[in-house]
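In this document, chain identifiers A, B, C, D and E correspond to the written order of the chains, with residue numbering beginning at 1 in each.
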Amino acid sequence: SETNKQTSENTIRVAFFPNIGHAIPIVGLERGIFEDNFGNSTTIERKLFDSGPQVIETLFAKSIDLAYVGPGPAINGFLKSENHDVVILSGAATGGASFIVHPNSQINSVDDFAGKRIAAPQIGNSQDVSLRNYLSENGLKPYQKGGTVIVLNIPNPDIYTLFTKGEIDAAWIPEPWATILVQELNGKRLFYEEELWPENKFASVLLIGRQEYVVANPEVVVTWLESHQQTVNWINDHPQETRIIFNQFMQNTLGQTLSDSVVDEALGNLVITTDSVNDSIYTFAQRADSLGYLGRDGYTLDGIFFDKTTNESLGGNN
Amino acid sequence: MKKNILAKKIMFYIILVIIWQVISMSDILPSNVFPSPYEVGEVLMYSAADGSLFFGIGTTLMRLVVGLTIAIAIGVVLGIFMARVETVNQTIGSLVLGLQSIPSIAWVPLALLWFGLNDVGIIFVTAIGAVFAVTINTYTGVKNIDPHYVEAARNMGAKGTQLITNVLIPAAFPYMISGFKQGWAFAWRGVIGAEMLFSFLGLGFLLNVGRQLNDVSQVIAIMVVIMIIGMAVDGFIFKKIENKVMSRWGLR
Amino acid sequence: MKKNILAKKIMFYIILVIIWQVISMSDILPSNVFPSPYEVGEVLMYSAADGSLFFGIGTTLMRLVVGLTIAIAIGVVLGIFMARVETVNQTIGSLVLGLQSIPSIAWVPLALLWFGLNDVGIIFVTAIGAVFAVTINTYTGVKNIDPHYVEAARNMGAKGTQLITNVLIPAAFPYMISGFKQGWAFAWRGVIGAEMLFSFLGLGFLLNVGRQLNDVSQVIAIMVVIMIIGMAVDGFIFKKIENKVMSRWGLR
Amino acid sequence: MVKLEIKGIVKSFKHESHKLMALDGVDLKVEDGDFVCLVGPSGCGKSTLLRIVAGLETSDEGQVLFDGKPVTTTGPERIMVFQEGALFPWLKVQDNVEFGLKMAGIPKEERNQISKRYLDMMQLTKFADSFTYQLSTGMKQRVAIARALVMDPDVLLMDEPFASLDAQTRDLLLVEMQLIWEKTKKTILFVTHNVAEASVLGTKVAVFSNRPSKIKRLIPIDFKRPRLVEDENLLGVQKEILSELRPEVKKSR
Amino acid sequence: MVKLEIKGIVKSFKHESHKLMALDGVDLKVEDGDFVCLVGPSGCGKSTLLRIVAGLETSDEGQVLFDGKPVTTTGPERIMVFQEGALFPWLKVQDNVEFGLKMAGIPKEERNQISKRYLDMMQLTKFADSFTYQLSTGMKQRVAIARALVMDPDVLLMDEPFASLDAQTRDLLLVEMQLIWEKTKKTILFVTHNVAEASVLGTKVAVFSNRPSKIKRLIPIDFKRPRLVEDENLLGVQKEILSELRPEVKKSR
C-alpha cells in the first residue's frame, strides 16, 4: 500500500515480457505511440518479467498497474484475489503455440505418445493446460497420475536445452521457442495449437489491469486502449519494421538478438490483435478447473472482462 | 524438566499460530497476499490425504540424503587437506571459497545441460551446494585445533592417516558438526531450489506449483513442511550429536 | 614468501584455464553445452565494454551490503540471546532452525507479494537468507566459549551488556567471524538467487538472461564474475580479519 | 567478626560409571581478616569449595554466608584466582589486568595507574603489551594474580596461584602476599599443596580429609610476620599439618 | 655415550613492541641414562628448549643431535609431558593413556594391560572411564605423566610435571621416578622450579642464566639412590644450585 500511495497519477507501471508475443507494448513503447497519446506529463514505467505468475504476485503487491500476460495467470490472478484484483482489458495476441517433435523420436500422431517425455512450460500456463487437456481428450493420462505419458513442466529455455540433448521427445511450446526448436534443432512441427480451436483462434496474450487502478483511472485506460489499438494496426502494416524494432529492443535490454528468420516465422505464427477471444478464455478456465488448477471451491469468471460502461459509472461515483 | 521444555515449545507455537490467525482475520491484508493458518492447514490436509505430500517428501529426502552424503565425504577430505597442506589451501582453497559463493540455483542451468532432467542433476545441485560449506568448516575446525593436541599426538608417534582419524577429526569435531549442519542446510536449500527450477517432483516442485497457480496458501503450506522437516532433522539428529559432543568436551 | 604464494595461485588458475580450453577444443562436448574459456572471456569483454556488467555488479553489491548489514545486526543479537537465555533458545531457537532450512528462493514469491518488484523485496530475501546463519554461528560461538572465561568475568563483576560486549562477543569472535562469512555466503547466494527470480537488474538478472537466451557462455561468464567477487570479498575482507584473530588467539 | 561462614556444604559429581561424592559436609568459619590455607589430597575438592564460595558452582546441600547473607551468585567482593589462569586471549596483558576495573567503570588513566603498580609488583611491566599466548606458564599465573589483586576484593580466593612459579619469585610473592594482607586486612582462602607455603601464609590451615571430604582440622598459626620459608620456628607447625595430612593422602590411594 | 647433544641453540620470539631473545646459545651434552634437571627463572626458555628437543619447535640457530643424528621432527623416542597437560578431551582417561600405544599398533589387550599398570601407579584406576574435564588439575597432570611413561621412550622430556601435585603424591612420584629411571636407564630432561626436587632426581642440574639464556652451570649430583626430599645430605647441593640461581632471578627483575 506504501508503493500504491507513492504512485503519482502521472506514472503508469506496465509489465510485459521481452518476447515476440508481447509485440504491442514493445513496439508501441519503442515507437512512442503510447507516450505520444499520453503527452509529456505522463511517464510510462516499463517492468520486464519472464513469468506470468510473477506478474500476478507483483500486481497483488500493487507494484504494477497494467500488464501483458497469458490467460492462465490472468484467470488465476482473478480467482485467487476473490475476483477483485484483476480485470482483462483487451486481447493482445492470439495463436502462437505449436507441438514440436524431436527429430529422433518416432512421434507422428497422438497414437505414438505413450511412453514419451513431453514438455510444456510451467504448471497452469496456457500450453500446459492445452497439453494436459489434449491428452485426456485422447484418452491418455500423465505418468504422474498413473498414465503412460511423462509430462514435464520446465521453463522454455530449459526445454531448449533438453531438446538439444534429446532428453525430451516433444514439447507444447509458445513462440518464438517453437520456431527456434524447428529452425535450430530440426524439430518437427506436428501441429499448430490454433488448429485445435474453433475458428482457429485462441487468446495467447491479454492486456490486464489492476482493478483498483482501472477504477481510479478510467481516462488512462481509455487512452491506453486507444494506443494499444493503434499499435496493433501499425504492427500488422509493418511486419519488417516490427522485426527490426523487436530485435533492437532485445539488443538494448538483454544484449542479445534472435535471428531474423526466427523472428519472421514466429511473428507469422501469431496474430497481433485486440481480440481477446472470450470464448477461448471460458474454455480455458473450464479445462484448468477440470485439471484441479482453480481450487476446490468452484469458480466464476463474472466480472473478469472490463466493462466500459460500469467502469465509467464507478469512476464517476468516485 | 524435559516435559517443561516441550510444554514451553508447544505454547510458543500455539501463540504464534493464534497471532497469525488474528492478523489474517483482521483483514489488514487480503488473503491472496496473507492467507490464514486455517487456509494453509486446509491445503496441507488435502495434499496429505491424496498422498502427494508424502510422495514429495520422500522424493526430496532421497535426493537430499544422497547429495549430502557425497558432499560430506568430499568436504571432509578436502577440508583436512586444505588445513594441513598450505599449497592446497592457497590454490584449491581459494577456488573453494569462490565456488562457495555461487548460489546453488545458478548451477541449475549447467546441471540440466550436463546431466539432464533427472535425479542426477538435482543431486548434483544439492551436493555442490553443500560440499563447500562442509569443506570450509572442516578447514576452520582443523585450523582451530589447540596446537598442543597436535603436538602431543605427533610426539606420541601419530602420523598421516592416524593423525587425521585419531586427532584432527575428533579435535575438530565440534566444528565439523556445525559444518555438517550447515552442509545439511545448504543441501536442503539446494535440493528445494533445484526442484523449484527443475520442476521435477519433490517438495520444491509442489511449492513451485503453488506459485505458478498464484496459490499463496500452498506456497506457505510447503514452506511450513520444509521448516518442520528442517526442525525435525535438526532436533532428532544434530541436536543429539551436538549435545553429546558438547558434554564430552566439558563445554556445558 | 608472499610473492611465492601469489605465483602459485596464478599458476594454478592458468593451468585450470588451459585444461578447460583443451577439453572444450577437444570437441567431446559441443560448445553450446561446454563453452571454451575464450568464448566466456569474450562475453565478459563485451558486457564490460558496454558497462552493463559494472552496473549489474554495483546494483547487486548495494543490495548485498544493505541486506547483510541487517542480517548481522539481527543475527548477533538473536544468537547471543539464544545462547544465554534457555527459554529463548527453546522457543525462538527452534523456529530459527526451521526458518534456516527454508531456501532463500522459497521466500521470493512472498517477497514479491509483500514488497513488490523492487529493491526492498530483494533485500528482504538477501537478509532472511543470511540472518539465521549469523544467528546460529553466534549461538554456537557463545555456547562454545571456555566456561572459565565467563566465570572469571562474572567473578570480576562483568554483568549484562558488559559481559556481552567485553567477554561473550570477543570470546565467540572466531566463531562469529565464520558466522559472518557464512552469512555473507548465504546473503550472496540469496541476492543472486532473488535477482534470478525477480529478474530485476543485477548480476542474477544477467545470469538469468543468459539462461533465457540459452547462452551458456553468458551463464558461465556471470558465474565466473560471481566467483571472483566472492573470492575478492573473502580474500580482502574475511581473510584479513581471520588471520588477525587467529594469530591473536595464538592459534597458528 | 565472621566474614564467611561455610555451613554443611555437600557436593557430588556424575561420572560415567559412578557418582562421585566430592564434598560431604564442609563447615568452616572464616573471621574477617583471616588468611586460611586449604590443604588436602589431590582431587579432594579444594577447587570445588573455592568455586562454591565464589558463587560459580552451586552446592547440593548447605550454604555459604558472606557477612551473614547467603551467597547465591558471583560478586566483586569475592574474587577468584583460577588454578588454570583463565586469562582472556583477546586482551593484552595490561588489559587483562585492568578488566575488573573497566567493568567497575573506573576511568582509563586511573586504571592504568593501578595496573602499572601490580604489573610492576609481578615483574610484568615489559610484557604489558604482549598477548597471553606469548607468555610462559609462570608469567600467565602472575598476570592472573595481578588481575585479582587489582580488584581489591574483601575476600580473595586463590587456587594454587604459586604452583608454577620459580622458587625465587614465589619467595618474593610470599613476602608480598603477607604485606598485602597486613596492609589491607583482606580475608583470604588459599589452596596449596605446599605445606611450607601454608605455614608461612596462613593464620589458619584447614586440612581436608580424603574424599568424600570434610575439614578434618583447623590449625591456627600465631607466629609474627613477616615469616620466611626458611624460618625454623615454622617446622613444628609444618610437622603438625603433615601428620594430619599423611593418613588422608594414604587413604586416597 | 652421548645421547643428546644440544649445540648453540638460539631462539627468539616476536612480540608486539619488541623482539624477545629467549635462548642465546644453549649448549648441553646429555649422556645416555642421564637425568638432567633444568632450573632457571620464569620465562627464561626452559619449556622452549624442551620443545626444540622434542622437535616441536625449530631453533633459529644451532642444532640438537640424538644419537649423533640431527633432530628435525618429533619421534616416539623423545616423548614430552606438557606443562599444560594437553590431554585429549574426546578420549576417556584410559584411552588417553593408551594413545601412543594405539598409534604404534599394539593390540587392545596388551594396551589395556600396560595402561592398567601405569594408571595404578598414578592412582587413577578409579577414573579410567572418566573424561578429562571431570578430573582435578593434579589428576590431569598424573594422566599426562602416565601417557608419556607408557610410551617407554629413550628420552623423556618433562615440563614441570609435579607442579600441581600434592606434596604426598609428589614425594611418592619422586621415589617412583627414580625407580623407573634406574630400572629403564632412560635419559630424562626434567624442568622444575623446585630446587629440592631437582636435587633428589637429577644426576645433573643445569642452571639457566637470565634471558637471553645460556646454561650457566651444570652441577653433577652423585649421592646414592633412592634419595628422599628430607635427606640432609642434599642440602649442600641445594645451596649450591640456589647460589647460582638467585642472581639470575634477581637480574630478571
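In this text, a contact is a pair of C-beta atoms (placed from the backbone, for glycine too) under 8 Å apart; a residue touches a chain by one contact, two chains touch by 3 or more.
Computed from a predicted structure; not experimentally measured.
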- Note on the structure: Going from chain C to chain E via touching chains takes a minimum number of steps equal to 2
- Task: Using the touch definition from the top, list the chains contacting both chain C and chain D.
- Result: none
- Message: For chain A and chain C, which third chains touch each of them?
- Response: B
- Item | Interface numbering overlap (same over half, different under half) for chain D and chain E | same
- How far is the middle of chain B from the middle of chain E, if each middle is the mean of its Cα atoms, in Å? 48
- Task: Measure off the straight-line distance from the CA centroid of chain A to the CA centroid of chain D, and report it in whole Å.
- Result: 82
- Centre-to-centre distance between chain B and chain A (centres being mean Cα positions), rounded to whole Å: 37
- Once you find the CA centre of chain D and the CA centre of chain E, what distance in Å lies between them? 27
- Residue numbers in chain B touching 2 or more other chains? 33, 109, 113, 146, 211, 216
- Would you mind listing the residues of chain E that make contact with two or more other chains? 84, 131, 134
- List, in ascending order, every residue of chain A touching at least 2 other chains. 53, 57, 60-61, 157, 161, 165
- Query: Considering every pair of chains, which are in touch?
  - Reply: A-B, A-C, B-C, B-E, C-D, D-E
- Note on the structure: In the complex, the residues of chain E that touch chain B are 51, 54-56, 73-76, 78-80, 82, 84, 86, 88-91, 99-100, 102-104, 131-134, 147, 151
- Can you check the complex and tell me which residues of chain B touch chain A? 30-33, 46, 109, 112-113, 116-117, 197-201, 208-209, 211-216
- Item | Residues of chain E defined as touching chain D within the complex | 13, 15-17, 20, 39-43, 47, 83-84, 92, 123, 127, 129-131, 134-139, 142, 160, 163-170, 193-195, 242, 245-246, 249-250, 252-253
- chain C-touching residues of chain B, taken from the complex the two chains share: 5, 8-9, 12, 16, 33-34, 87, 90-92, 94-95, 97-106, 109-110, 113-114, 133, 136-137, 140, 143-144, 146-147, 174, 178, 181-182, 185, 188-190, 192-193, 196, 204, 207, 210-211, 216, 219-220, 222-223, 226-231, 233-235, 246, 251-252
- Query: Which positions of chain C touch chain D when the two form their complex?
  - Reply: 146, 148-149, 151-159, 162, 166-167, 170-171, 173, 248-250
